[in-house]
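Here come two complexes built around chain A, the first alongside chain B, the second alongside chain C.
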Partner chain A sequence: MKKPSLGRWLPKPRHLAIVPPFVWLALFLLLPFLLVLKISFADLQFGIPPYTPLAQVRDETLSLSLHLRSYALLFTDSLYIATYLNSVKMAAITTVCCALMGYPMAYYIARSRPGVRNVLLLAVILPFWTSLLLRVYAWVGILRNDGLLNSVLLSLGIIDAPLEIYRTDLAVYIGLVYAYLPFFILPLYANLVKLDLRLLEAAYDLGARPWQAFLRVTLPLSLPGVIAGAMLVFIPTVGEYVIPEMLGGADTLMMGRVMWTEFFNNTDWPMAAAVTCAMVTLLLVPLVLFQYSQVRQMEMRGRND
Partner chain B sequence: MIEPNRYWRTLALALGFAFLYVPIACLMVFSFNDSAMMTSWSGFSVKWYRELFNDQALLDAAGLSLRIAALTATAAVALGTWAGYVLARMGRFRGFGLYIGMLSAPLVMPEVVLGISLLLMFVEMGNLFGWPRGNGVFTIWVGHVTLCVAYVAVVIQSRIRGLDRSLEEAALDLGATPLRVFFSITLPLIAPALLAAWLLAFTLSLDDVVIASFLSGPGYTTLPLEVFSRVRLGLKPEINALATLFILIVGVCVIVANRVQWRRESK
Partner chain C sequence: MAENRSVAPGRSGDADEFVRMEDVVKIFGDVVAVQSVNLVVHRHEIFALLGSSGSGKSTLLRMLAGFEAPTSGRIYLDNEDITDLAPYRRPVNMMFQSYALFPHMSVEANVAFGLKQEGVPRNEIHERVFEALDLVQMAGYSRRKPHQLSGGQQQRVALARSLVKRPKLLLLDEPMSALDKQIRQKTQIELVKILEQVGVTCVMVTHDQDEAMTMADRLAVMTEGQIVQCGMPQEVYAFPNSRFVAGFIGSTNLFTGTIVVDEPDHVLIESDELARPLYVNHGVSEPLGMQVHVSIRPEQIRVARAQPEAESNWSRGVVSHVAWMGSHARYQLRLDSGAMVEAAVPSLVLAHADAPGLDDEVFISWSSDSATVLAS
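Let's look at the complex of A and B:
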């Protein structure tokens, strides 16, 4: 009778199987992030590394020093506050635009015949496989003052002077919606394609107009897909760097970009770490929402099959 | 059967796909333009392609990127398949929440977060143990694998959940060890998904700018880094040519793979 009680404390071989991926993620995802948290409480110093140590033993005294300089700056400097607010605003507007464009697309793809559906779905996935960097770069040539859009509009006589879009927030919005639209469509499509059409028929039989049936049957049922898609757009957009850098002006403030500048241009690692921590804190609620929808979707699929 | 309104359907899909594809089409067309500008058409020419193939910096960067992408995809598929199998077949265990949280974080977490945190860790490690000395292929590889494992795990776990369990159970009943069952039943059944996941990891690694910016060192310029440093200041026609080739190659691969899979499924 002794053996089982001992066996309970020893890991079972089954559970050992869980360990290797766990170790990789803990080592290269969790631990690094804890280090960022640590360094966000350091102060700037000259040398390698360019930040003060957290704990030090000198003259037989262990001294812990938590510097709050970065966080003080983060909460008082108007630049950081503006960045914070602007990132959230831009991510929110991008998400809404993706929803307005992506919902009809996902809906009509899901309601097409299977053969057509496969082709349309492939057309949504294809840009995802090709380089984001190169696709965003395509917009540079279109949006520049001497670019394709302006030269077409000018030659058609629609405008007299070139529109200034390149290096403005509008260009960043176009780039963001363009890059993240497939991320909104795909989870929503996966949800809509499973919609039981008998529910719609029942609504019609009971006298609902098409838009009523949509608002009261299709839309509520597709909400998990909308949330998953919205999180897939919102969360990475807040920290986006490449798109605002390529299409935005110098005054397009976004957290990812400000962090980048602190890190590479100002070599202020504690400040960059603090901005990163602030970004993750801001994203905590959406992240939990996303994780919840992931778990639900995984378990739903397990049950259906 | 209730048919959706055909006019709205056509309009929504036409606008949406035009938005997704017109920029790519413009880029491709103007890669054959004689002039460097995208303003007007000044004649057909392949000179940008010739310039591309004589650009040693770009070719070197492409070589490095392909090497890192292959190394990344291989490791990410091994680790991600493992993680996906755990998610799909192990049920809930202690730490499941943390496990799935760490696995899904790289899917959405801004890449700058992953980049800076890994770099700071490598710097600390370098100070403590004297290793790794400077950044290079290894550090970029670690960053890319961490990113790609999440994508691979999602693809694989959904495929494994879709499998018919009775095959694995039959093998177990006949006395095969769980390890044997995995290698001779589960793995062959998910082989197409493994290939898809490998290609996905490969392209993710090949396209990454942000993580590589943090984790690459002098002398290790990957293709996206080289491209980004050229185009952040404006138009570079040789990049139009590069983009056209890249998009064509990937496009053909994805369409062929999809056709093959579609035919197999409809059989």
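Let's look at the complex of A and C:
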């Protein structure tokens, strides 16, 4: 029988240790998000700020006004729905491309000698030392009709007319895969490098050829790394703004660009806020899945120790 | 090969050769891990490779499994040259040191792995998996994951997994190293029973001489990539051929001396460490005047207060330490020469005699057939 007492509700000293991160998250994540949520339920108006207040006191009456215009538009205007679907599609294709290219790279790095391994890892991380903006500009220089790629291909006589890559979806994919590949490789590498090689020997010993051992032992055991990498690529790609803006055509619909247009070109803050809220909800699902797999993995490891 | 041929067969009583390693050499970079090993293992025999770490025993086992290719030499299994065969093509299965069970698969899936690779029909897989799990008394745990099992249970599953394919040769890599000391001895005997029941030929690697003595029909002592002695455990224990083997298999007392009388039926060896000469009741191949080593096991040394009457085979000393082991007491004695001697005195003997205590003056003696003369 537990006696109800005040002591139960007072924080214990050891709980105080987690106060700083909570304060940080509340100030810089929760509060801004609540502000955005508030704006998404406002209506447009001329002035500063360019949206109606949520609560007003006039004639001794407190009136709360929740405007659903933005959300209504979001679900009825085909532009927004198409943009969402396209963003998710582009993020998914980027993730698959990163997985197909990143898995062999991570595998090779993990199987290299320790000395070589560090050099290869450095090569993966090295691009981060330059600003993303500069690197994407470099891709503009490479992919433009009169850019590096086309000049080389033309001078070699492989093509007669320049390839139209710049300002197409293909250019966006190239940019996205290029920019996010390291985020896939690093967590997967961390997983693969821990793999007990005796498990592979056991598989060979039991009659598995190397590719069968890969499919039945290495691949299933590296799935947590694949999931972690995929999440790190998928989530930021959905809301990516810089790469589609700089490499994509006018018809490359992505959420980041729509938000930018609503906010800066149309000065429609409530609409931009509604798009943001919808995107956060959309991203919450994979995030929760990611968290779940991480927790499960940690539990497994905990039981193994 | 000659030195192995002279050795008696295992307890199967069937001397036909099953595994043969011919002049096998393995060099890693500039390290010679195995140098020119010749070895024959008989059918249905449990053979132990015994040595400390770095002796090359594990490399030898890995070459039998196919994980390492010999730098030179050939390996035959059942009259077939398997030297260049990939591990997944060999009729050989291994139980790994820390079992290497697949952590993402259930016990049943672990055991079924090898049969699935072989393309055995589904219902036969099920039957054979449970047959193997029954053999190791783990059938009730088929749905568990490896991390939900104790060390001993994991070992049983690993054994089932390596037996289910009915290999011609089973390899055990330090089978007891991951188990608690208490359950080791029991498990050793159980493991031998299972192996005999299955009738599989088995090569095991261990650094633990007790384990090799308990489990093996024959054993080979390895050091620095070479086999220094090969034979039945009791044979190697009783007749070690070098100081290394005498010290490695069980504990022993070693004395250095010179042969002063060399007759066909006996030799006399004088040692500075002992008060009286050593009389050995058999001839030796070493010539007169040669410096030799003599090994006497602790259990062959008698401890008494009275001075022996014989001309030879005794010395005087002082008790410097006594350890009570239950069935016997281990005496550490300092001889007049300063040499330390260990003697194991059975408790019954101790109870009858007036047991010497710490710092008491005592005489040690041994019979003329208990000393082994070693040239190296």
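Just so we're on the same page, the second predicted complex is superposed on the first by the 269 of 305 C-alpha atoms of A that agree within 3 Å, B and C clash if a C-alpha of one lies under 4 Å from a C-alpha of the other, contacts with A are read in each partner's own complex, and residues count from 1 in each chain.
The rule is short, and it goes like this: contacts are C-beta pairs under 8 Å (C-beta built on N, C-alpha and C of every residue); 3 or more make two chains touch, one makes a residue touch a chain.
This is a predicted model, so every value here is computed, not measured.
Enquirer: Answer with first, second, both or neither: which of chain B and chain C does A:Leu134 touch in the superposed model?
Expert: The first partner, chain B, only.
Enquirer: Could you figure out whether chain B or chain C reaches more residues of chain A?
Expert: In the superposed model, B touches more residues of chain A.
Enquirer: Quick check on the superposed pair: does A:Arg296 touch chain B, chain C, both, or neither? Answer first, second, both or neither.
Expert: A:Arg296: touches no partner chain.
Enquirer: Check whether A:Ala273 is in contact with chain B, with chain C, with both or with neither, and answer first, second, both or neither.
Expert: Touch partner of A:Ala273: chain B, not chain C.
Enquirer: Once the shared chain is lined up, is A:Lys89 touching chain B (first), chain C (second), both, or neither of them?
Expert: neither
Enquirer: Who does A:Glu201 touch here: chain B (first), chain C (second), both, or neither?
Expert: both
Enquirer: Share the list of chain A residues that count as touching for chain B in one structure and for chain C in the other.
Expert: Common to the two interfaces on chain A: residues 201, 204.
Enquirer: Contact residues on chain B for chain A in the complex?
Expert: So the residues of chain B touching chain A come out as 1-2, 4-5, 8-9, 12-13, 15-17, 19-21, 23-24, 26-27, 30, 37-40, 79-80, 82-83, 86-88, 90, 93, 95, 99-114, 116-118, 120-121, 123-124, 127, 142-143, 145-146, 149, 153, 157-158, 161-162, 178, 200, 203, 206-207, 209-210, 213-214, 224, 227-228, 231-232, 234-235, 239-240, 242-243, 246-247, 250-251, 254-255, 258, 262.
Enquirer: Applying the document's contact rule, which stretches of chain A touch chain C when the two form their complex?
Expert: 196, 198-199, 201-209, 212, 216-217, 220-221, 300, 303-304
Enquirer: Quick one: which bits of chain C touch chain A in the complex? Just the residue numbers, please.
Expert: Interface residues on the chain C side: 65-67, 86-88, 92-94, 96-98, 100-104, 113-114, 117-118, 147-148, 161-162, 165.
Enquirer: Would you tell me which residues of chain A are touching chain B in their complex?
Expert: Touching chain B from chain A are residues 14-15, 17-18, 20-22, 24-26, 28-33, 35-36, 39, 48-49, 101-102, 104-105, 107-109, 111, 118, 120, 122-127, 129-135, 137-142, 144, 146-148, 151, 178, 181-182, 197, 200-201, 204, 210, 231-232, 235-236, 238-242, 245-246, 255-256, 259-260, 263-264, 269, 272-273, 276, 279-280, 283, 287, 290-291, 294-295, 298, 301-302, 305.
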